[in-house]
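Scroll down for the structure; my scribbles are underneath it.
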Amino acid sequence: MQAYCLTDMTWPEVEQALKTVRIAIIPLGAHEQHGPHMVESCDAVLAEEMAKKLAGLLYPEALVTPTINMGVSPHHLHFPGTISLEPSTLIAVLRDMIRSLKQHGIDKVLVLNSHGGNQATLGVAADTLTRELDVQFLYAKTTASAKDVMNRTIQSTLYGHSCDREVSEALYLAPHLVREEKLEKGDIQEGKWRKLRPGNPLQGFYYYEEMTRNGCIGDATRASREIGKEIVDTALERLAAAVKEVL
Amino acid sequence: MQAYCLTDMTWPEVEQALKTVRIAIIPLGAHEQHGPHMVESCDAVLAEEMAKKLAGLLYPEALVTPTINMGVSPHHLHFPGTISLEPSTLIAVLRDMIRSLKQHGIDKVLVLNSHGGNQATLGVAADTLTRELDVQFLYAKTTASAKDVMNRTIQSTLYGHSCDREVSEALYLAPHLVREEKLEKGDIQEGKWRKLRPGNPLQGFYYYEEMTRNGCIGDATRASREIGKEIVDTALERLAAAVKEVL
Amino acid sequence: MQAYCLTDMTWPEVEQALKTVRIAIIPLGAHEQHGPHMVESCDAVLAEEMAKKLAGLLYPEALVTPTINMGVSPHHLHFPGTISLEPSTLIAVLRDMIRSLKQHGIDKVLVLNSHGGNQATLGVAADTLTRELDVQFLYAKTTASAKDVMNRTIQSTLYGHSCDREVSEALYLAPHLVREEKLEKGDIQEGKWRKLRPGNPLQGFYYYEEMTRNGCIGDATRASREIGKEIVDTALERLAAAVKEVL
Amino acid sequence: MQAYCLTDMTWPEVEQALKTVRIAIIPLGAHEQHGPHMVESCDAVLAEEMAKKLAGLLYPEALVTPTINMGVSPHHLHFPGTISLEPSTLIAVLRDMIRSLKQHGIDKVLVLNSHGGNQATLGVAADTLTRELDVQFLYAKTTASAKDVMNRTIQSTLYGHSCDREVSEALYLAPHLVREEKLEKGDIQEGKWRKLRPGNPLQGFYYYEEMTRNGCIGDATRASREIGKEIVDTALERLAAAVKEVL
Amino acid sequence: MQAYCLTDMTWPEVEQALKTVRIAIIPLGAHEQHGPHMVESCDAVLAEEMAKKLAGLLYPEALVTPTINMGVSPHHLHFPGTISLEPSTLIAVLRDMIRSLKQHGIDKVLVLNSHGGNQATLGVAADTLTRELDVQFLYAKTTASAKDVMNRTIQSTLYGHSCDREVSEALYLAPHLVREEKLEKGDIQEGKWRKLRPGNPLQGFYYYEEMTRNGCIGDATRASREIGKEIVDTALERLAAAVKEVL
Amino acid sequence: MQAYCLTDMTWPEVEQALKTVRIAIIPLGAHEQHGPHMVESCDAVLAEEMAKKLAGLLYPEALVTPTINMGVSPHHLHFPGTISLEPSTLIAVLRDMIRSLKQHGIDKVLVLNSHGGNQATLGVAADTLTRELDVQFLYAKTTASAKDVMNRTIQSTLYGHSCDREVSEALYLAPHLVREEKLEKGDIQEGKWRKLRPGNPLQGFYYYEEMTRNGCIGDATRASREIGKEIVDTALERLAAAVKEVL
């Protein structure tokens, strides 16, 4: 499938593409532990792969920028290898990218984000960068729009990080991220974190190791490429349709 | 009901209270248009009233700080009177308040927030201030934990701002906020905002006047003190229980 | 007396008021210890009450914004309950408020400040925000313009915080701030602070407890509503006249 | 008179001096128009000359740092040649200087300031840098402590910039700053500035050309070296005594 | 060749590696136009490939972090597709990365930078982050240490961007970056830029299109994999030796 | 030789000069240890003296601003007396100065810098301030353009700080900076710094005392006024010619 990806283009090719491009897709991931069965670049790679597919569905009106391959991951910092950006740093990166894109005539961007920990920062970015830079700033969690498919295909009740869902998505999009011989269920701990999960009266910060000893939740042993394909393709279809509606 | 409120105390009284106080409740509101039937301080007053009641339920372990009476309201800036803080400003205010509280020996705070537009900023604040100041930073939307009651008592499908729910809460907590003779249904407009509401594949910024001509949504004419009382009291009970669990 | 107060208005009411309003009055206080006989919100409440009265005198050309209810109070941080904003935070709040007001067509603001510790920050704000935002930025200490009345009515030589003057003002404007049964004279300590008071060759920072053990100066037992009324009403008259001259 | 001046010392000489030095004097001036009869470096040079004399009086306990030769002068920006620092820039310079001095074992500083426009910024610096850097931060207006001498020797009622007083001080401290053949009285304009001068109910920003067409106030033709000497020497004596009291 | 790359590792693998790792290599590139014959991700990819090889030479003492795939490229912003970070943004990213690495026990970093436009920012980062974070901060231009090889193998006198040298390096390290059928000589323009190149008395900013119409300099048609291999392998050897000397 | 120096001019004189002035020269130095034989203001004074001479050569088209008499000197902070600005502070000072100059109609500046430690910061300033303020921002190391003369006249191989070259320049430009009776050779230490000097594969931060015990390098006993004169005059000629070419 043909798709415009800035990283693979020369400037005369970009110049040509800009005649039809109306929106830039910024893949946003994270660099953080994903348990014993996924490598730490997982979120960055999944966001990039999804972005390319989405740009294909929107061809020739969308263009993928370089991936922001680190994100806001303080919760995971106690696991070896995690690298976390401050929210203000991530906003600074987005500001500079969007300013550059505007210089090239693009004033609509979609941040395609694969990491929950970035969502609050993106909410703040939407409120500030939209007005500061006079652009349309959209953001989306990569597969959140396929929640109904997840509810049908994922059996774990607590999932969302290196779990049945995420491993499934990776098996479809980028199987090299997965150590299939190491797949494990989340090793859940009891603690205050339960009182701070979405859906509770209170919210607040907790470290991931308070919740899970091996860094995963859900049950990755139940993951499959088929589940991943259904989730991802459904989400892509809905995202593409949604983008077309607001362009 | 007895409750510790910093604004009503002398320093020797605070000194005495600090012997039992374990958490500070920071009421956070907004100053923004609420249609023709609510005054603009609505969110600030509701957060303050809720905070006092919550501190009462947690007496003598909680203390209410001064109210942050403006919030992040860029969506409403085109309606006369709205005053909006940048997210970075709100975080600076929270940082200074929490630093001061820590000086007095309090290292747990609950930001009790009545305004949806502040939530992303609070998420960012939780990620950063928790680690920067070495405190437990909790936040809660005032009545969000009574979602089940709302689902049962509110008939409008699109609600959340100067609507059946909010007017009901005000009629119970602070009836002077309501112009009962002016109650109106939201004057909803069609537009791109529908594609950017929570639950859609995409999220992004839109101005409130794109959604509603009179600045309200839902149907405030269906509001009642009884509905408000049930929502508020349920939420307060759940919040109090939740705080006790994490103290 | 009629006065426009943003906190008590709906947006259509603000829209109507903006037809005649030419200046916004921003009440600025502090949240800090005021000895054993005044509650900590004292400055915030006095600024707000004065602002309302001033807006009444300037009706229909002035409008009161929400009160900034915390200020720059590092000197008081060692007394329980004090909450202090950094000067840069206060300037950020003022910037956001004034930007919002400008959006509504108001380009003149008067910060009505009741707390001496805010004055240097306001001086800096005047130098920077005036040019940055292209507005007329005025500020005034609430009752400083009635210095002659104070000199005649106040017997203490060292006064200015929870003293004869301030308690008198409160007895007139907001008597609930005063614990009349606890009125005390300042319990003055000797120390370097004497060398750093206004009027000395040197200036510098000192903590308030170095100066006074109970947090007051002057002699609050000599306060009276009558003195407060004369000071406040004289200042209001002069402030109203001064504002009219520069509008 | 012997005095330690960092600019004229080698590091082994500084090392030796640090055995007795207890305070650093930071001369702070401005670079701004001073009418047709004084050069624009006036404030910087006067502060430096005063600082050297003061360090002489305090020898061997004081040391003069390099001069901050520009200050906060937005009021003068419309006169050719004025260069103005933002208040935040001046504070950053002070922070870096004091941090460096602390590295060398000096934790007391006196900013000796000749320019009124810097005073609010110094007030803010005192409130913030004292606590942030854990130092004693003092500041003084160069000759303000000789106010009584000024009242006796200066005949102009409105003075303070390139006036009888300042030219007198320069004639004593650095006569090359003065164009004696060009001495002029201030060419005062009527305007709103009168309502914003110290002593009025309101304060606010105005440009200097609104007040005086030639950039001076007072009457420089009445200046004399004798007046300058009395003002400066009186102030120096009082400053030296005051510093000794707080060391 | 075995090498530790954070992006390809799970956290237990990182934990194991940290037993021997003493330095982290941060690949730093840019996203900018590279003429008609190289794609815009060129610098990012070359830095990453070099970093992996260097980590191999230093195995098991070095570890490669995620690549910073955008850099400081204002000079190229007028060519379609270039994305440029502000220097302060790049420093923020480096700060956050190094803080995270320190959390994992690594206090030595080498930024391996392929883009000249980043060098000044890295110099500033070295001066500030070293002291702020208490780490050893090293940086190197990818192949600058093979200057002697370049002088022998490159015939162009003005080279350094999408030229004989860079295309040669890419043909060896990542040939997919090169459009071999489009290779062109730099289309050099006359202009002030000649007076601002390194080696001239003055330095300053100029846009790249003032220097070259097609965005290249040098003569890419003379590039070869052999030249690239000699330059790259020589540089790698010298870099590895140098790192070993300072570990 | 006639030259426009802002510090020695009144505003009417500046107004007159601005009719022909096209560029401002900002002298930038440092305040840092220069061994036992040079005073710490060395760099600031040399930059100022060179700037005056350069402005003379460019008369009446150039004007010298006040000198920035402190710079980025963290490497020297362990020697008594050194005062170092953060790079961000220096950029803030430059921004404010250039904004002020622009207000007066000057949109070209040359920062004439005598201190190597400032060069990276100036590179960053060039990239950012040029675009932010829409000016031509040039910078030059004072005598770097006379490298050929240095190579011929300086016998030390490692030189650059309080060495044969710098002392020679001072003997010509400002002999009072030199303690001629104390001239010493650099007391060089072995250490990692050798691996981080320009020309090595790696660069990084080191403290100056790791390199030299007395704070000098080279051999100052070989300095002479004649060598200094040749270096300085050659550089001045080349700088003047270069500035004329880009005006």
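Every chain is named by a letter (A, B, C, D, E and F) in the order it is written, and numbering of its residues begins at 1.
Heads up, the rule we're going with is that a contact is a pair of C-beta atoms (placed from the backbone, for glycine too) under 8 Å apart; a residue touches a chain by one contact, two chains touch by 3 or more.
Owing to the predicted nature of the structure, the values given are computational and were not obtained by experimental measurement.
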| item | value |
| --- | --- |
| Touching both chain E and chain F (chains) | none |
| Shared interface numbering between chain C and chain B [over half = same, under half = different] | same |
| Longest centre-to-centre distance from chain A, chain (CA-based) | D |
| Chain separated most widely from chain E, comparing mean CA positions | C |
| More contacts between chains, A-E or C-D | A-E |
| Repeat of interface E-F, chosen from B-C, A-B or A-E - more than half of residue-number contact pairs shared | A-B |
| Whole-Å gap separating chain B and chain E, where each centre is the average of the chain's CA atoms | 49 |
| Gap in Å, rounded to a whole number, between the CA centres of chain D and chain A | 56 |
| Multi-chain contact sites of chain B, meaning residues that touch two or more partners | 86, 88 |
| Going from chain C towards chain D, every chain in order around the ring | C, D, F, E, A, B |
| Chain E-facing residues of chain A, complex | 6-12, 14-15, 18, 31, 33-41, 44, 65-67, 69-70, 77-86, 88-89, 92-93, 95-97, 100-101, 103-104, 179, 182, 215 |
| Of chain D, residues touching chain C in the complex | 72, 74, 86-88, 110, 117, 119-124, 126-128, 130-131, 136-140, 144-145, 192, 195-196, 200-205, 235, 238-239, 241-243, 245-246 |
